[in-house]
Amino acid sequence: MRRNPGLWYAMPLILMMLLFFAAPLVIVGWYSLMPPRSFALTADLGLQNYRSAFTEGYGRPLMWSIIGAALTTLVTALLAWPTAKILHHHAGRWASLVTALIALPIFISESVRLFGLSVFLMPGGGILAGTLNAVFDVQIGTILNTRLAALVGMIYIHFPFMLFPMLLGVAMIPADRIEAARDLGANRWAVLREVELPLAAPGLLVGGLLTFVLCLGANAEAAILGGRAVTVITAAIEQRFNYAQDWPMGAALTVLVILVTAALVFPALRRIDLGRIIRR
Amino acid sequence: MAHSPAALSLTGLTKRFGKTTAVNDISIDIREGEFFTIVGPSGSGKSSLVRLLAGLDAPSAGRLTLRGQDITETPANRRPTAMVFQSLALFDHRTVGQNIEFAMKMKGVAPEARRARALELLRLVRLPEDYYPRPVTQCSGGERQRVALARALGSDPEILFFDEPLSAIDYRLRKTLEVELKELHQRTGKTFIYITHSLEEAMVMSDRIAIMRAGQFEQIGTPEEIYRRPMNRFVASFMGEVNILTVQQQGGATVFADLELPAPDAKGTFAVLRPEALSCDAEGTFCFDAHIVQKLMLGSRTQFHLRAGTATLIAEVAAGHGTTLRIGDTARFSFDPTDIVWVNS
Amino acid sequence: MKAQGNTVWLKAVWIGTILTALYLPIVSVVLASLANTRYMRFPHKTWTLDAYRAAAADYTTVTLHVISLQIAVSVVVLSVLLGTIGAMAYARYDWRGRSLFQKILILPIFFPQPVLGLALLLSMSALGIAPSWKTAVVAHAVWIVPIVTLVISIRMFGYDVAQEEAAFDLGASRWQVAREVTLPALWPGLFSGALFAFLLSWSNLPLSVYTSGADTPLPLWLFSRTATNYSPLVPAIAVIGTFVSGLIVLALLGIRRALFWPSAK
């Protein structure tokens, strides 16, 4: 048998993943079974943290995070689909420029961009309110420090993460399939449902999954734009870790987030062959 | 002739991958300046064999000598041979000139000498000199073939290997390149060892052909010999569509079982009949009635698909014959014993 | 004909709106940095570059950039190195565990980053490791190395391995094959990988928040100063930081051009 070096090349990454990805998750899982407020890892195992997670009101932050992630995924998908279709349809110099312009902000720190959004939305002397006041003499209120503002922030930050996988997905629809469907009597809606969405499904799935998972952990949007209007799960976990010094409780909440993530990611990844999308 | 050492001599060459034996105990001498072609279906081990010859893989057993010198242990980069790969394996990040000069650069040849030789090779493979500075990515399929050939020749090899380089080329260009390759072989006088799955391609170019199956050579011979005297059904059917009739003993007489036709003087178990051996004029020795299932115009010939007895046969007649025959007709076809090729397996 | 014109118009408006929405906040940061008042009253009474002068004079600006740079450069080196080796296993060789490896590798990408940061923080604390910029490098790497591996793999998939055999067959030594064929052919992939690694690390907030300890990288400082203790210094440093990363990217692009390996596109 020819010796195949594939496994040897995989070793460094496998090691990295074990040490810095799998091991921390195991440690967190172990901690979550410790008695509340203990720092030791040797006490008796128990599920009391999970019990109190639901009785002591941590269900709410988790729920807000899930709702926020779902809404963001939905809205970014609705915004990204026509955008992806336009960019794909008009492929060329112009579209490449627009694509590059959309990609660029990803590389500007989200704290900078969220800060920008907050000064834009600020009441009174904010960029929007100030301009309207000075130019049109119109006074407006603000959505800052509401749940809506946090949601707007999440949509703003995660739009490119939805768009780019979707662009790949849209590129997987051969133009002649749409024409064939039209020729066979399908209307716009039928073409979308029967041809475009199924063919673009891998891209949609990757984009949706990526957006949802990133939003599930999102914290900065709520912190900068949401004010005290909403507590997301990451904030709750951080609060347990840092201020309450209750590591086991924080760990239990972390495990809950991981479980939600895993419940989505594993079935989805089984259906996507990322290697195939990349090879194109 | 017999005294000059073989260009390449294989002795018991074997390659195993785990439990499968890709190349099974092959011994042969390839003559100096010969165009030797190995033909086989995919999975026959022909690519594994040429990789052993080029030194890209090490054999599990056997020896390999080049002009009497043992090169079994010599790695590819120190063998005076060069290969044109199936994918061509052009260096896409380099220009045409840099590709052709690669082997010379590795040997430390001075840039001016390299350039002069590269331009010479461009002419030899019939590419204009202004291709020299072009990126290979801008070349068409046929041009890439020629660059790959020039690059292999640039190492001034004693033997050139070809691993199905024309398989991805369209039919007409392939025909042109086959002829050019043959001419190039004649002009350079080098030994060419060529791998292909197309016997038709092999016929055009080769001095000798080896038919390979399951890691072994089934038959070695000139194109004429392979065509006229295939050793078995496998070799015979490799050439394209053939009719194979089984001969059986029935009640003390030998018969073509499918046609229920007596077969006196049978010289083998199977009678191989090329489509053009079947005639629709009923003038041959063996006549039979056949139902015409399909009729296809092929230009200079007309092809009939026939059902006769339990056999399905293909007949090809020169244009102008059988014009009155239509699909659905039953007509009398015949063949002569001299057109039969007898094989036993 | 007319309907056609209308849809094109509609599409242009749509794209224009998206781009405007994406860039308004970024423009807002620049506008905010041109004020001299602690509480923003837009339009500013006086437009000034004071905040930039203050930022230039403030040693914090340098410290923030140095820490971000330390992290980003380490992440670039680590991820290009590991990513190249990983891409060999991901794209080049067909081996028994490959499809599983391909799936496992992308798990960190599909994982909430702050949660990963918190999990790392907790484990390090449990092991008695004090968080610093070095632990932030580890956190960034867990997320960025898989991405860079994918980026390099894209190039690797399009790379015909027979090129190496061809070079070897034409007389090149193992080292010459690597230098003349493998590296130049994969170079664009390595470069894109490095670029991604740098930009992703430089701008990352959620992983740094919990893992960088007392060393504060740029995004984290901006995040905490936005919430408390705001002054025009904050948007000024945000603009400077973005410019610095832009300059570094331009420098990298310049290096690529200077090295000039004729690219294959």
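Per-chain residue numbering starts at 1, and chain names A, B and C are given in the order in which the chains are listed.
In the analysis below, contacts are C-beta pairs under 8 Å (C-beta built on N, C-alpha and C of every residue); 3 or more make two chains touch, one makes a residue touch a chain.
Just so we're clear, the structure is a prediction, and the values are computed from it rather than from any experiment.
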| item | value |
| --- | --- |
| Pair of chains ranked first by number of touching C-beta pairs | A-C |
| Chain of greatest Cα-centre distance to subunit B | A |
| Per-chain CA centroid nearest to the all-protein CA mean | C |
| Approximate Å spacing (C-alpha centroids) for the pair subunit A, subunit B | 57 |
| Centre-of-Cα separation between subunit C and subunit B, whole angstrom | 53 |
| Rounded Å distance, subunit A centre to subunit C centre (Cα mean) | 17 |
| Subunit B, residues touching no fewer than two other chains | none |
| Interfacial residue positions of subunit C with respect to subunit B in the complex | 160, 162-163, 165-173, 176, 180-181, 184-185, 187, 261-265 |
| Of all residues in subunit B, those that touch subunit C in their complex | 54-56, 75-79, 81-83, 85-87, 89-95, 102-103, 105-107, 135, 137, 151-152, 154-155 |
| Subunit A-facing residues of subunit C, complex | 11, 14-15, 18-19, 21-29, 31-32, 39-43, 82, 85-86, 88-99, 101-116, 118-123, 125-126, 138-139, 141-142, 145-146, 149-150, 153-154, 157, 199-200, 202-206, 209-210, 218-220, 222-223, 226-227, 234-235, 238, 241-242, 245 |
| Complex contact set, residues of subunit A against subunit C | 4-10, 12-14, 16-17, 20-21, 23-25, 27-28, 31, 41, 79, 82-83, 86-87, 90, 98, 101-102, 105-120, 122, 124-127, 129-131, 134, 156, 159, 209-210, 213-214, 216-220, 223-224, 234, 237-238, 241, 247, 250-251, 254, 257-258, 261, 265, 269, 274-275, 278-279 |
